[in-house]
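Each in structure tokens, the structures are laid out below.
Both complexes below contain chain A, partnered by chain B and then by chain C.
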Partner chain A sequence: MSPLLASIRPELAWEPFTPTRKSRWSVEKAAHLYRRAAFGAPWDVIEAAAALTPVEAVENVIRGRDGIERFEGDIARLTLGTLESNNSRELQGLWMYRLLNSPHPLKEKLTLFWHNHFATSHAKVNSVRLMHSQNDTLRRYALGSFAGLLREMTFDPAMLIWLDSNTNRKGAPNENYAREVFELFSLSPGHYTENDIKEAALALTGWSAKDEQPFFNPAEYDAGEKTIFGQKGAFTAGDVVRLALSQPACARFIVRKLFRELINDHDLPPDALIEPLAIEYRLRDYDTGWLVKRMLSSWLFYSEASIHQRIKSPIEFVVGTVRSLSGTISPLQASEVCAQLGQSLYFPPNVKGWDGGREWISSTTLLLRQNVAFEITKGRDEAARLDPARLAVKYQAKTPDQIADLFLNMFVQQTQSPAREQIVTQLKAEIESASDRPFAQRENQARLARLAAHLVLALPEAQLS
Partner chain B sequence: MSTRRHFLTTTAAGLALPTVFQRMSRAANEATGKDSILVVVQLSGGNDGLNTVVPYNEAAYTKARPTLKIASQSVLKLEQGLGLAPTLKGFSTLWEAGQLAVVQGVGYAQPNRSHFESMDIWHKATTAASEKYGWLGRCAPELGGAGDAVLHIGDGEPPLAVYGATGYAPSMRSIQDFQLKTGSGADGDRRRAAVEQLSEKSNGGDDLLSFVQSSAKQSFASAARIREVAAEYKAAIDYPQTPLAQRLKLIAQLIDAKLPQRVYYVSHDGFDTHAAQQLSHGQLLKTLGDALEAFHSDLKSHGHGERVVGFVFSEFGRRVAENGSQGTDHGTAAPVFLTGAAVQGGLHGKHPSFEDLDQGDLKFHTDFRSVYASLLQDWLGVVPGHVLQGNHPTLALWK
Partner chain C sequence: MGGMSRRKLWLTSWALVVLWATSLRAEGIPSIDPLLERPLPPGLVMHTRVIDPARLEGHPLMQRINALLTTSQEWQRVHQETVGLLQFTEAFRFVDHQLKSVGINEGIKALWKRGALLAVGEGQNPTSGGVFLAESDASAKAFAEILQQWAETELGLKYEPQVIDGTPVLAAGDLHVAVLGHRVVWANQAAAMAHVLAHVKSVPAEAVAATDPTLLADLHVSLAMVRKNPGFAKGLENPGGDLGLITFFGGWIDLLRRHERLSISLHAGAGESLSMKVGFRESTEPRSTALAPFFVHGQEQIAPPLIPPGTIQSFSWYRDYIGLWNNREQLAREEARHQAEQGDEDAGKMLQVFGTSFTPSELIAQLGPHFRVVVTEQEQGPYDKVAVDNVLPAAAFLVDLRDEEKFRKMVDPFVRLLGLIQGGEQRVLTVREDYKGASILSFVFRETDAEVRMRARDQYNLRVSAAITRQHFILGTTPTLVQAVIDELDRPADTRPALSQVTEQQLFYFSALARQFGRMKTGAIRRIVFSTGWTVEQAEREYQIALDLLASLGEARVQMGDDADGFTIELLIGPSGGPPP
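Take a look at the complex of A and B:
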């Protein structure tokens, strides 16, 4: 076990974090909350959250900002055009618009989590309408009941196509969904037998996607008796879901996966840490909203075992940067950039989804991320509405020290880092090199702000969440 | 960390290349035992085959094209009463060297005259709506490697032809895609040094931050290596300053750098010549011929002449008769071209008959999938049946 997790006492780990003299509620912790749960936030939001209690800050993130109805109205209009276009790039852009602008980013974060969990690719489904409809379902259940979500996904038309339920018929079963529903969607390997899969496939027969709707053909359903997890019955597709949810392994699997998403992406948590949450999650009929809140409120979440212990996904990096700079960028462009960095919305590499963690970083994707940092902080062209210079003005950062601190605070909350001195030196050199050019003071401030924002975002520290 | 996974999950070449560099020694392909390379040149818009390979003596041709016909004294003569458009000097040179194969009368049954739909048919190699992937996308896994067998070179979206089960093949615009961007001039250099310095600090531990720092170090090393290759590469010839020629030059550099790609894909746009086509079409052909001539000549000087074949196609030819705007409208059958030392230079198949037109359009006699099958089987070493539906006889296109 990692030394970070070894020091955690399971009976205290999930207790609500309460500030002590040793561990205060701070901008660092507030920024951590927003980074993990909301793709980051403008600096004044972080500062405001740091002035609240942790409980209030978490409540705010769970509830989302005002204006959701109006936002959904905008989305509804954009959706019409996207569906009409039948263009998968526009579909990606539509979701990216949500990710960048939604007043309820936590919901988008969890929708993305479930997209990766029930990883379905447009490459095979080949229908903008069905991928969009699946996405809506994922969002509806994002912070709702996983039991309901698993049921919905079992009969979701895109999923029926993706995992070949269309060809799963009585007398000619296709085990694709039966296998994945146990292996990847609910239990994980080791908690079912090959025979459970065979029998579950029979129970799932008869379902297909027809005219973009789930369709049950009784003539293709195998109504015979099946044995699943040692229980006998003339089981149906609904029973397969019910039986999976009744296994203790199910809640453990989801809690572990959410741990990796919200707490720490590389240290394997011991069973003792997972079990208390898994038991209660199952008792609460898989209420994901409860589980997420519990995690975001916990001691563990605000400990060293969690802070900066995840690699940002491409979407976290790009969306987080844009949200932190309190600006905006073309959603089509943003989703294109994320695709280049290895995360193409609606096109996960396979049914296991993106592996994530260290897999996100190769020598090349890192270089590309640093180039994205350069482009995003240029303050002109496609990044005109993201100009870091505005923030230097707003927060009255004028000297190299002030400007370096502003952006170090904003992105990595590490003004003590050894990088600070080097960044300040760079900013001074920039002034030096421009000393023979007649820059107005304001223009100088803008140049330094852009340079500082770029240098901070290019730091390896900025790749960690 | 698995680099293989990155290849499979990324959609842009930018992500792939430097890691490719680290595997340079494995460039020769394991799956097919071949290291042959195919460069596909797509002429977008529907190339006017009749004014590319000109039947200058054919009365039906001169009659149908009162303003656009190319006279016998202007064409670059081939044989059998056919000649290349006067601006295709590059192709003429290849022809003289026995490195230009002209496959005549290529098309498919029930031709579709929509750009979009016909291009889709060429890309998917089928008219079946149920097919989602392109022929090269389906071919890529057969070529082995780590999903990096096919590379699209250009600014635009990659074509459907290179779309496969793992998404679109990567796209690359220039070597600059693999360099740290920090702006130009002394400011840019200072900034680059700062980014590199700030990234590379490592405490050598096993924690996440150290991992990112050491990845940064690697990435700067890879970028430096690519810079060297680019700086050291001396084209044996001055490539024309056209986007097509510059893309082919980039491909020559990548081939010379021993990258493992087996298929490169470039597009050359503007062939939808509905009006006043003479000048513009001539210019497009000049760009095409000069670019491919320079490319093959450069490859030869670097010792890759035998390894590389060019394949030039368009989604359809144009009508026999010109329209009222001194242009031509969408037609059907047309020639495709293969270039390179390995091809059997000369004419392949007859010119389609002017006596037997289909609603004023030339009739195809060679299905384009036979050309694909030949490229797959005889050049790339892939079983055509794994990529194409149905049986398509291969053609004798090789030396």
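Take a look at the complex of A and C:
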């Protein structure tokens, strides 16, 4: 166990964070909340959150901003044409539009989390409608009941195709979904036997996807008695879900996964830390909204064991950068860039999903991230929507020190970073070579701002959530 | 001179000139600095004139466009946030403010109130020079002083007074500036300055009536310079090395080859319209007879453009492809000719698979030389079961036939083959219907639920239809439009004036286009949002502004052909206040 986690007392870890003299509510903590729960936010939003109490700030993030209904109306208008195009690239663009613009980014964050949990790939399903329908289900239950979500996923047509339920028939069972529902979706290895899988596969027979709907064919269903987790019965698919949910391991598994998503992606939390949450999560019928709120409000969340203890996924990096710059970017372009960085929406590499954590970073992807940062911050005239120069003007940052501090604050909240001096030196060198044409001052300052933003985004610290 | 003294004569003459100039103004004929009328010396690569900046800026069409653009948040954002533009506008505002502070009320606009000239000479480091025709002598003088102060304080340049041919000139490095009355003369080299000054001083300063009162601005480019570019030279060879290129572009290449100058001029048109003319001028030799089939010639005329209900665009042009093919010996080099002939023969053999017995050139011989295209509004898709959300316009192409029966027999094997393909589980069916004695053959997508689910709905805008009738071959995206075209062909003789020497005409009706774009709004918004990152709200707002802008343009007409000055392409855009062309 890491020393950071070891120092946390389990009985206090999940208590609501209350500011003290030693641990104040600050811009740093507000930024941490928005990075984890909302892909980041513009600087003025973070400053406003820092002026609230932690409870209020978390409440805002949980609830989302005003305008959700209108936003969903816009999404509906975009969705119809996207589905009719039957084009997976547009489907990716549609979700990326949500990620970039949703007034409720926490819901999108959790939808993405569940997409990785119930990893299903368009590569095999090959239907924009079905993948979109699954995505809608994930979103509906993102902050809702995991129990309901697991039930829905069991009969989701995209999932039925993905895990070969179409070929799971009486007399010729296919164990694919049975295995994954226990191993990856609800319990994790070590909490079921091979026999449980075999018997569950029998209970799951008869279901397939037909005309883009779940279809049950009684003739293909094995109605005989099965034994699952030591219990006997003529179990059906619904029973498989119920039995999985009844295992204590299920709640622990989901809590651990959300711990990795929201708290810390590389240190294994001890059982003592997980158990209290798991018990209550199960008692609350797997209310994910409650669990997330509990985590985001906790001492642990605002401790050193959590702040900057996750590596940003490509989507968190790209979307977070754009949101922090108060900018916009083509959703199609953004999803392509994320795919190049290793995370292609609707195309997880396999049923386990993306491993995340340190797997996001290699020498290749790090270089790619730096290139992406450059592309985003180079501020082509017509793409002033992403131009860091606008922020430098807005916050009246003119000198190299001011500009460096602005972006270090904005992106990593570390104006004392060892990299600061290097950045300032580079900015000063840029001034030396700047144009002395009349009215070039504005252009010179713009170049400094863009360079500073790029340098900060290329820092290792900027890859951490 | 009888009883009149010289002085009285002079005064009387001058009074008459003033009266005459005033009467011209009263009649609406603008008076301009004669410098704008005087031909420039030869050897220039390019020169441009702005004759009437205020009229250009104040033109109702420009005003309307500007008013709409100012409502566009995106337009405002680009202007307010694009660093390069900001720098330019800051410099502009600085000079403007300085001029106003010394009593030049119109600010920087006073500098070119009466027009401007710019010319560029030849050479590796081309010489350039020009004249700003200021509102008054005082404005010109004030500008030169401000320029000098600004350059010295902001740029650190030191303007040295010089004298060139007796005229005081300020020089800072290569930049030379002089003020002659209301004329601010500049050039980028001393030698160029001498030429510009000599030209300016040779032209009196008193205003004269404009020869062409409609002319607002123009640009002239030396085509001789373009021809010298090695990249162009190969393509301009005659005979050429690519018969395909010659067939489709030969006439245009020939224009470039035979003319010395390209002129582009902007004119105030009738009503609220603007006209732009692009002219090939000063030809060195007549068009070769081998290329005659490319454009209208002799007694030939284009067919009148079709204008069925809901027309967005109508296009009519003349092109005698078989005439060009028959002249291939003169048009293309031997190797290119043989290649094309071999290709034609080989293609003919391949077509025999379909049961035909002709080569492509024999088929083309039946087509033309009158071609027409029409694009019309479509309020809904052409299918009964499938409603398209993105309603695209309909389009039709037609060409006259030299021998309708012969053409029909030629294409019959293809039609029979298509008839064999359909049926069973094929995705496309063929349907025949009769309309006023014409048989219309349509290719139709199946409308089963499965097909509709798997297919992008935009395809259901197409119900491609063809007919051979009235000595024409008609191909359209919907049978409804093909029927409308047949109705147009049946219309009594066109009463519109014949377009003599017009080889091509295009008509645009922007209101109809705006309406059609309005029907395509859902799909367009989605594409805009996905490609730009705008929100739906932003995209809808800007799209509506674009539609309003389009509708405000009224209509446009493009026509081109030989005329007394050479070859002219004219674009007339904006509400003309008169009947449609």
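One rule holds in what follows: the second predicted complex is superposed on the first by the 456 of 465 C-alpha atoms of A that agree within 3 Å, B and C clash if a C-alpha of one lies under 4 Å from a C-alpha of the other, contacts with A are read in each partner's own complex, and residues count from 1 in each chain.
Simple rule for what comes next: contacts are C-beta pairs under 8 Å (C-beta built on N, C-alpha and C of every residue); 3 or more make two chains touch, one makes a residue touch a chain.
Please read these numbers as outputs of a predicted model, since none were measured by experiment.
Student: When the two structures are laid over each other on chain A, do chain B and chain C clash or fit?
Tutor: clash
Student: Would you check which partner chain A:R442 touches, where first means chain B only, second means chain C only, and both and neither mean what they say?
Tutor: In the superposition, A:R442 touches chain C alone.
Student: Contact-wise, after the overlay, does A:T20 reach chain B, chain C, both or neither (first, second, both, neither)?
Tutor: A:T20: touches no partner chain.
Student: Touch check for A:Q463: first (chain B), second (chain C), both, or neither?
Tutor: The first partner, chain B, only.
Student: After the superposition on A, what does A:I361 contact: first (chain B), second (chain C), both or neither?
Tutor: First partner only.
Student: Can A:Q396 be said to touch chain B (first), chain C (second), both, or neither?
Tutor: Touch status of A:Q396: no partner.
Student: Tell me which of 5-13, 293-301 or 347-355 in chain C produces the clash with chain B after alignment on chain A.
Tutor: Clashing stretch of chain C against chain B: 347-355.
Student: Mind sorting out which residues of chain A both chain B and chain C touch, each in its own complex?
Tutor: Touching chain B in the first complex and chain C in the second, no residue of chain A appears in both lists.
Student: Give the list of chain A residues in touch with chain B in this complex.
Tutor: Per the touch definition, chain A meets chain B at residues 123-124, 126, 266, 308-311, 339-344, 347, 349, 354-355, 358-359, 361-368, 370-371, 374-375, 418-419, 422-423, 426, 429-430, 433, 451, 454-455, 458-461, 463-464.
Student: Within their complex, state which residues of chain B touch chain A.
Tutor: 1-3, 5-6, 8-12, 14-19, 132, 163, 165-167, 178-183, 186-187, 190-191, 194-195, 197-199, 201, 208-209, 211-213, 215-216, 218-223
Student: What does chain C use to touch chain A in their complex?
Tutor: Residues 77-78, 81-87, 90-91, 94, 150, 154-155, 389-390, 453-458, 522-523, 525-526, 529-537.
Student: Going by the contact rule set out above, which residues of chain A touch chain C in the complex?
Tutor: Touching chain C: residues 74, 77-78, 80-82, 84-87, 90, 93-94, 97, 100-101, 129, 212, 327-334, 379, 381-382, 384-385, 387, 389-390, 437-440, 442-443, 446 of chain A.
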